[in-house]
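Each structure below appears as structure tokens.
Two complexes follow with subunit A in common, the first pairing it with subunit B and the second with subunit C.
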Partner chain A sequence: MKLITANFLTCAVKGCKTSPASFPLHFRDAELELQELEFQPEFICNIVPRINWDSFQAMANELGFPKILDKKPESDDLKDEKILRELHRLLLETQIIEGRLICGNCGHEYLIKEGIANFLLPSHLV
Partner chain B sequence: MLPTPSTSHVTFDTIYEPSEDTYLFLDTLSSAPESAWLTQRFKTTASPLVVEIGTGSGVVLGFVAANSLEIFGRRDILPLGIDVNRNACTATRETVHQAIHDRQTETEAERQAQPNTVYLGSVVADLGSALRVGCVDVLLFNPPYVPSEELPRLPEVTDEETGLSRSERFERDSYLLSLTYAGGRDGMETTDRLLEAIPRLLDPGRGVAYVLFCAQNRPQEVKERIRAWGEGWRAESVGNSGVQAGWEKLVIVRIWRDSL
Partner chain C sequence: MASLDQSSSTLESREAYEEMHVHEVYQQIASHFSSTRYKPWPIVKQFLTQLTPGSIGLDVGCGNGKYLPVNQNVFIVASDRSENLARIAVNHQPHSVIVADILNLPHPDNFFDFAISIAVVHHLSTPDRRTQAIREILRTLKPPTKENPGGKVLLYAWALEQKSSRRGWDKGDLQDIMVPWVTKESSSDLPKVFHRYYHLYEATELERDITNAGGLVLESGYEKDNWWAIATR
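This part shows the complex of A and B:
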């Protein structure tokens, strides 16, 4: 899965939906792969508004990437090719191949295998 | 007619094979009025998140991703696939990548004008349970709509599937396949669970869902029920597979909110 995908995912346990701690999920033991994609600056500009910036920074940090910007890039930052390229690499090219995603509220772990995260729950949590 | 994605790499032991309902989805979304409606709705928004629940082989999501320019008027959509069956997730990933590649390879000049669509990925989950509140712009659902005496049990996380005996494997495959069509009472038990989640899943302003129904699901009643949610909720049939004895066999209903 791409790092950007985690921007839209949360814990599948019903009781966690209302807890702010259930997003973002936390990466553990992540094995990363870089999948090269063509750099498309206007595409990055259009997806930036969809990114929950603080959570994205936290996830990138857990995966060992340095901080990019304190605040979500706006107007002038979005003309800065260096910033856009960095976002492109992180959001779209960075793939999490193996590892776990952990809910900060209930501690439940979701496995990522061959790039596909599994959010099915054991029967006692359904 | 826009091309249908290839599924030659898919084995259909546990995955629903594209059928009349699948093609109705493709025809409806790419019809002139529906594409115009979607293009208008997402003209000035940030990249729309397009989620299909129950992707199966990935034909519908692959079609939408590959033809995003024709359907949404833009290629920077974010397609995300969800299925309870891991095999379906793997198949979908391949189908969507291939469909985008086949449809969106062009000259440098064309690419400058329109970026290529990027597939976000496939996730194993029960319906929309793993999605953040209010993040979905477009939701696509071709449900298990066939009335059945019993609804298959809800899927749950299983241990590694290596080491299954032949009969265990057969049983598991039959179960996964039953999830693709068996809808329980009126064929509506799974769809009802999804409908209930729609107000939570969709973006409160621009979100829209497309759900397929067969005649036994009583789509007229379902539409009335959705309209009764109030708060501007609307439901209209936007595609059907033709009329048989006065009944539309399959219909696709668009569910959305008028801005208040």
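This part shows the complex of A and C:
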């Protein structure tokens, strides 16, 4: 699972959606892998406006990455190739291969296995 | 055609029924199914191609991910109920794939620019569950405002009216059916038959389910034995 994907995920339990604690989810015991992908600066520029920056920073921090930028890069920042390359590496190339995603509201844990997170709920939580 | 048990309708029994007659079958046939699904349907392709670069969307019930290569300028979080299919879909860049249930999607409210769910809602076994599935997708879409038309979803479901197809069903036939999937491991093996549950949609039924789910149908039509509709909230 790519780090960017976690920006668009919340707890699958219906009652958690209204709680701010359910987003973002929290990584535990994450094993990372770098998957090299073609650098597409335009793609990065286009998706950055849709990233929830605070959540992205918080999740990257939980994975042990240093803070990149205090606030979301805009206009001129997005012309800086160094920034774009760094975002490309973090958002797209950083893969969470094994580990768990945990809801800060209900505490439910979702397993990540071989790079795929599983959000199927046990019957008592449906 | 295998017999259908539609008599019991508790939530647990509907889930168990779909588990046996839909989810488990896709787990078993994943790789053979995938080898037969590679050509994108034209209306789906067009819907995905015209999206603004940088749009973020969902492909709910992505199967082998055959729609993921269509547009690489948008980002798609694809999901499937079958882990085996998700594993096949996972290699399409720049997108991402997770395992999730259409009735309990792990996505925030009011966020996504688009969604597709192609040949999926017809696998839910009651009108109420099909409507809930559509409501769950609509929930994730950006609501329309005065300035912005909001997120759009494209839905496809198998049509009852397909008398020129190899199946030959038509108006008046049973809508809740078991459809055989025949698979052969090798030429010397005996063919193995799996049965998947389908609800065949009749004319205007998809639009009705969307309306009941609180959605607004923008466009709808018929393509290749399927009813389709584009809707917003």
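As a working rule, the second predicted complex is superposed on the first by the 126 of 126 C-alpha atoms of A that agree within 3 Å, B and C clash if a C-alpha of one lies under 4 Å from a C-alpha of the other, contacts with A are read in each partner's own complex, and residues count from 1 in each chain.
Operating definition for what follows: a residue touches a chain if its C-beta (ideal position, glycine included) is under 8 Å from a C-beta of that chain, and two chains touch if they have at least 3 such contacts.
The structure presented is a predicted model; accordingly, all values stated were derived computationally and were not measured.
K.L.:
After aligning the two structures on subunit A, examine subunit B and subunit C and state clash or fit.
P.N.:
Aligned on subunit A, subunit C clashes with subunit B.
K.L.:
Just checking: does A:Lys2 make contact with subunit B only, subunit C only, both, or neither of them? Give me first, second, both or neither.
P.N.:
In the superposed model, A:Lys2 contacts both subunit B and subunit C.
K.L.:
Should A:His26 be classified as contacting the first partner (subunit B), the second (subunit C), both, or neither?
P.N.:
In the superposition, A:His26 contacts neither subunit B nor subunit C.
K.L.:
Identify the partner contact of A:Pro122: answer first if only subunit B is touched, second if only subunit C is, both if each is, neither if none is.
P.N.:
first
K.L.:
According to the stated criteria, A:Arg100 is in contact with first (subunit B), second (subunit C), both, or neither; which is it?
P.N.:
Neither: A:Arg100 stays clear of subunit B and subunit C.
K.L.:
Just to be sure I read the superposition right, which of the two partners does A:Thr10 touch: subunit B = first, subunit C = second, or both, or neither?
P.N.:
Both subunit B and subunit C are touched by A:Thr10.
K.L.:
Looking at A:Arg89 after the superposition, I want to know if it touches subunit B, subunit C, both of them or none. Which is it: first, second, both, neither?
P.N.:
After superposing on A, A:Arg89 lies clear of both subunit B and subunit C.
K.L.:
For A:Asn46 in the superposed arrangement: first (subunit B), second (subunit C), both or neither?
P.N.:
both
K.L.:
Counting contacts the way the document defines them, which residues of subunit A are shared by the two interfaces, the one with subunit B and the one with subunit C?
P.N.:
Looking at subunit A, the two contact sets intersect at 1-2, 4-5, 8-12, 17, 23, 37-38, 40, 42-43, 46-47, 49-50, 92, 114-121, 123, 126.
K.L.:
Where on subunit C is subunit A touching in the complex?
P.N.:
Residues 11-12, 15, 53-54, 56, 72-73, 75, 77, 79, 81, 83, 86-87, 90, 93-94, 96-101, 103-109, 111-112.
K.L.:
Going by the contact rule set out above, which residues of subunit A touch subunit C in the complex?
P.N.:
Of all residues in subunit A, those touching subunit C are 1-2, 4-5, 8-14, 17, 23, 37-38, 40, 42-43, 45-47, 49-50, 92, 110, 114-121, 123, 126.
K.L.:
Could you please specify the touching residues of subunit A with respect to subunit B in the complex?
P.N.:
1-2, 4-5, 8-12, 17, 23, 37-38, 40, 42-43, 46-50, 92, 114-123, 126
K.L.:
Quick check on the complex: what are the subunit B residues that touch subunit A?
P.N.:
46-47, 49, 76, 78, 80, 84, 86, 89-90, 93, 111, 115-116, 118, 120-126, 129-133, 135, 154-158, 200
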